[in-house]
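Have a look at these structures, which come just after this line.
Next come two complexes, and both contain subunit A; in the first it sits with subunit B, in the second with subunit C.
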Partner chain A sequence: MNNFFSILFSTDFAFSVLRVMTPILFAALGALISNKAGIVNIGMEGTMLTSALTGVIVSAYSGSAWVGLLAGIASGIAIAALLGFFTLKFKTHIILGGIAINMFASGGTVFILYLVSGDKGASTSLKSGVLPSVHIPLLQDIPVLGPILSGHNILTYVSLLCVIGLYYMLAKTPLGLRIRAVGENPQAAQSVGVRVNRVQFISLLISGFFAALGGAYMSMGYLSLFTRDMTAGRGWIGIAAEAVGRSTTLGTFLSSLLFGAADALANALQVLKIPAELIGTTPYVVTVIGLVVYAVTEAKVKSRKLAKNLEKNK
Partner chain B sequence: MGSSPLLEMRNITKVYPNGVVANSNVNFSLVEGEIHAIVGENGAGKSTLMKMIFGMEEPSEGEMLLAGSKMRFRSPQDAIDNGIGMVHQHFMLVPSFTVVQNIVLGMEPTKGGSINYKEAVRMTEELSAKYNLAIDPHAKVENLSVGMKQKVEILKVLIRGAKVLILDEPTAVLTPQETEELFRELKGLKREGHTIVFISHKLKEVKEICDRITIMRSGKTEGVFTTSDMSERDISRLMVGRDVVLKYDKTERRAGPAVLRARDLSYMGPEGKPLLSHVSFSVREGEIVGIAGVEGNGQAELVQALTGSLPGVKGTVEVAGENMIGRSIKEVRDTGVSYIPEDRMRQGAAKDASISDNLIAMFYRMKEWNRGLFLNKKKITRFTEEQIARYNVRCKGPEQPIGMLSGGNMQKIVVARECEAAPKLLIAEQPTRGVDIGAARLIHERLLEMRDDGCAILLLSADLNEILEVSDSLLVMYNGQFVAYYPDVKEVTEEELGFAMLGIKRQDAAEVRRALHD
Partner chain C sequence: MIKAIHFEKIRTIAVIAISLLLTLLIIAVVSDDPLRTMGVFLTEPLSSLAHIGNIVEMAIPLMFTGLSVALLFRANLFNLGAEGLFYFAGIVASSIAVHFTLSAYVHPIVAILAGGLTGALLSAIPGILKAKWNVNELVTSLMFNSILFGVGLYFLNYKLRDPQAFVNASYKFHPSAMLNNLVPGTRIHIGLILAILSILAVHYYLYNTKWGYELRMTGSNRSFAEYSGINTTKVIIVVHLIAGFLAGMGGSVEVLGMYNRFQWTGLPGYGLDGALVALLAKNNPLSVIGAALFLAYIRIGADQMARMSDVPAELISIVQAVIILLISAEQFLKFWKTRMLLKEAGIRE
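Right, the complex of A and B next:
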């Protein structure tokens, strides 16, 4: 047990929380922006896988991790555009579209991986690039904080910047106002000349952009190769994080942090003598608990409000 | 008033893809600076004409001239760009946004990439001062009253530079006092040189503020008239082709024992606001009890409580001596309760189902409507045809999807279904909302007939004329409570009713409690 706590309160653990939170946060931001526009993009998982593979292949052939990253982002946006094309133009149900993308990516990435590398499991034969880690001057010398906050992969910092950027965009810019209007009352937006389809399409593209960053991080930061189904549900956890975060940018960030911690805990506990399979379930169990707690507190808050007003009336 | 028309529609015909001719050879002209009413029954083609002016639909034939030159609007944006704005009947607002956010949405002033709210507020305040439309720019729209929301809609249209404003039944949801305020505002807009198209069913209002009237009837224009030359009777005669006056020769009420008795109904809304508090009343055999009130004062919850669809309500509801609280909707209906819901599109009818399927929705379980495992189609068709004839429903036949009918005809089917079940108690919630005068009259007469046959009827309506003409006695709801009870509706004046509805005057509890008839 002592061992357990020494793991939990180490700077290594705190560092790893941020490390494993990154892909979840990207997925959650992707879910957030599309939900705000009233279209539920559940294709996070598939989009991440696609960009993870694209990044690996392109970086291997171009010799540059940066080119790989750009290609990964482009592939994620392309997937989102495809989803938008079918759901907004041809009115396919968005959930079915999302399922199609997830299944297509799950099988398609293995197929392409096999074509390119001759291996169905991992891209070990490809010499793919890895995005650099960043050591922040001054900050890295501060005890405790330094080892936790400095030295992360560049995309981890990008994810934090994305939180700020998305918050600003939604709260302050015309596009953000339109996205929220479209999500809440599309007829109202339409009546003042806002093109609902276009705004939703833009949101989907941004959603694909975030998911793609998450995917690229998986194969070019978190790991240095692509493995089959390597996202392992992080896209879904991201969607859960968005819900638990009550569709607010800050809430989504905090719940992503929580789910990241659960994931990190699962990794850290592997040194203990607990069956790996059991430990492996931690992030998913935490997700379920998170959703339950969310639902219960929602209900409680409501009933408390009710009781309060009852008192007032008496 | 200028002499040449600002907007002219010439020989407009609109045929929808499904073959419905909504407008045929319609002519319409608008003179700058006038308030122009368009009146007509539901399905007469008013909305279609407006949709074409606002660019939501394109005419199949005919031409449109704006200030003398030909125009074609392909989208509402085209109309907006040409100075035409529409205030929709159902508000097009984002509830969680502030007033100013709603107003500038789609045309946000920016400063360095982000919205310049200071400028937006300044624009809003400038407009609201200019047109005397007082509003708090920072208030959240969801917290506003209906009248305020309408102001936001009007400002939205004005800020986009509209010179022509189309108002689609703007007074339908307003209190009498709010209506007066709206009229003052419209007159102000007229003084500023704006042109207003006013769509309404309420002839009194049309008489009050409109300069000219275009009357439409079954897709055609019956003519353009100067309002001062026309009496309400003249207008209604042209609208429906017969003399429709909403006055009924009512027989004396012969009230029997109470059929419905509700005691101390209380209900707390999800937001913690008491939506019903200690509501008690009864409805007796052979009488119509009206419940008046501004919408959202608990009427909807009261109806839900009575029909068994409000879990968590406290108090008792008895129908014919049996307790109804906690019963399923089917059990309540089986006791002999019929219900004409307010929202016929969602609750009253299954839009894609046929007229006959909608009609037998209450009966299909009964043995006499079945033959073995199957429905007795022949009997159902015959029954549907009878009802179509009896209620004068304009349709293609029993198998036509009910969603294709105009509002009034759809409502007739709903009323037919609920009345033909021969209920002990009929709850009619806004039974003639958005329905033309002809259909309204037919529905009212059917209600009175049912009353004479001994049915107990509870009528909830926001339409003062309806409630004053049809009811025998009257209750007024305000803030989830009854604030006034008038045993005889003839003793009530509109003014007094308005005061009660707005909570300005209220009777004491004992007086209201007489409605229980203990």
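Right, the complex of A and C next:
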């Protein structure tokens, strides 16, 4: 037990929270931008898997992790465009469209992996690239903070920049205003000349972009290869983080951090003699608890508001 | 003449045709001997009694999960929890098949009921969360899949595992617990009868009872149903109980009908396939039979293809995604329906 607490309060643990948070945060940002536009993209899991595999294959053949990253991003945006085409043009139900994307990716990536490498489990035979870790000068020399904040994969820093960028975009730019308007009330937005379909399509593309970064991180940062179903529910945990964060950028970031901590905790718990099968369920249990707490408080706030309005009308 | 009322059927057939064409196209690109591979994919499932038996065997669990998901979708609940329930109920039924000694007819009944009840109770959790506090049932049900899988695997490894078995499998079931064979020469078991009886029961429930009516009303518009005096909270919880029972029953039947040990060390995937069956069946219980058989047919075709050619069976998941995208696309081929309607009304374009 002492051993466990010494792990919990070590800088290594805090470091690993940021490390495991990164893919969850990317997925949560993708869910956030699409949800803001009123067209929630639940294909995060599938988009991440697709870009994880694309990144590995392209980086192996081009010899450059950066080219792999670009290709991964392109594949994620392409998947989002496909989803957008079906939902906006053919009026496929957005939830079913997302399910289709996930189904496509979980088998399709194995199919393509087998064609490329002859293996159905992992891309061990491909010499794929890894994106570099960044040591921040000055910061890395500060005790405690240095070992926690410095030395992460570059995409971890990108994810933090994305939080700031998305916050600015939604709050301060014309596109952000349009996205929020479309999400709040599409008819009203349309009546003042906003092209609803186009704004929703752009939001989907951005959500695909975020998910793709998360996927590329999984196979070219978190691990250095692609394995079957390697996202393991992180896309869904990201979607839950967005809901628990009340669809605000800051809230989404904080709840992603919380879920990342739960994930890291599961790794730390392995020193205790609890069976691995049960420890593996920690992130999912924490996600369910988070969702329930969020929904119950939300319901209470709503009923309180209702009561207040009734008082006023008396 | 083709009429506009048949439009939904025509569209389903068109979707299936397009997806099969796409399969053949991918085979043509990928395979070294495309024609032979296509032949294997399309004809091998029907080439012998044993292979036809394989289709029916695979369709049995798909009918259970498809029916379960169809009910939930009908109530406008996007719950994909059938996967975890199916797995966990299989564990429960296996425990009873391993650790209990009962007479031949009682044993499977007890095991299947236990599996079904486990499924119903576990399914009620996301149901209650959704009905009371509007917790997103899609995310909770998917999280539950992972949780149930982890807990189930724990039971398999620590409570049921037979150290003498070569693979990671449970102790052997008592022969009294296993389901009887139905068609000699195949492995089709009496689970088929149970599946069809369940489908008939759900059909009756959905279209001939007050509860079924309430379910359909809640599904088409929850607020409106609430206004017209339907207790939608109750409806949502009841749907989850029934759907969970069906998924759990499916898992138990599959384990007892097809195996003599529990040996799934991964989620078997029937729950997610259930969503596809439900969509193909347009959430209509009776159509679940055809949809499950069709999916089983292309599944067996893909398995045979993977065995006899150079194309892996995972090809099928690409096809499944295309089917979902097209079948739920409201606008797909709509122009054609409009044209037919205009023609029937005697209006020329």
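Going forward, the second predicted complex is superposed on the first by the 298 of 314 C-alpha atoms of A that agree within 3 Å, B and C clash if a C-alpha of one lies under 4 Å from a C-alpha of the other, contacts with A are read in each partner's own complex, and residues count from 1 in each chain.
The working rule: a residue touches a chain if its C-beta (ideal position, glycine included) is under 8 Å from a C-beta of that chain, and two chains touch if they have at least 3 such contacts.
Since the model is a prediction, treat every value here as computed from it, not as a measurement.
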Exercise. First (subunit B), second (subunit C), both or neither: which does A:P147 touch?
Worked result: neither
For this session: Count the residues of subunit A touched by subunit B and by subunit C, then name the partner with the higher count.
Result: C
Exercise. Can A:Y114 be said to touch subunit B (first), subunit C (second), both, or neither?
Worked result: second
For this session: Considering only the touch criterion stated at the top, classify A:A188 as touching first (subunit B), second (subunit C), both, or neither.
Result: first
For this session: With the two complexes superposed on chain A, say which partner A:F86 touches: subunit B (first), subunit C (second), both, or neither.
Result: second
For this session: Can you check the complex and tell me which residues of subunit A touch subunit B?
Result: 168, 172-174, 177-178, 180-181, 184-185, 187-194, 302, 305-310, 313
For this session: State the interface residues of subunit B toward subunit A in the complex, per the touch definition above.
Result: 76-77, 80, 86, 88, 91-97, 101-102, 105-108, 110, 113-115, 156, 160, 268, 270-274, 277
For this session: Mind listing the subunit A positions that touch subunit C in their complex?
Result: 42, 86, 89-93, 95-97, 99-101, 103-104, 106-108, 110-111, 114-115, 120, 232-233, 236-237, 239-240, 243, 275, 277-278, 280-281, 284-285, 287-288, 291-292, 295-296, 298-299
For this session: Under the touch definition given earlier, write down the residues of subunit C that touch subunit A in their complex.
Result: 30, 78, 80, 129, 132-136, 138-140, 142-144, 146-147, 150-151, 153-154, 157-158, 272, 275-276, 279, 312, 314-318, 320-322, 324-326, 328-332
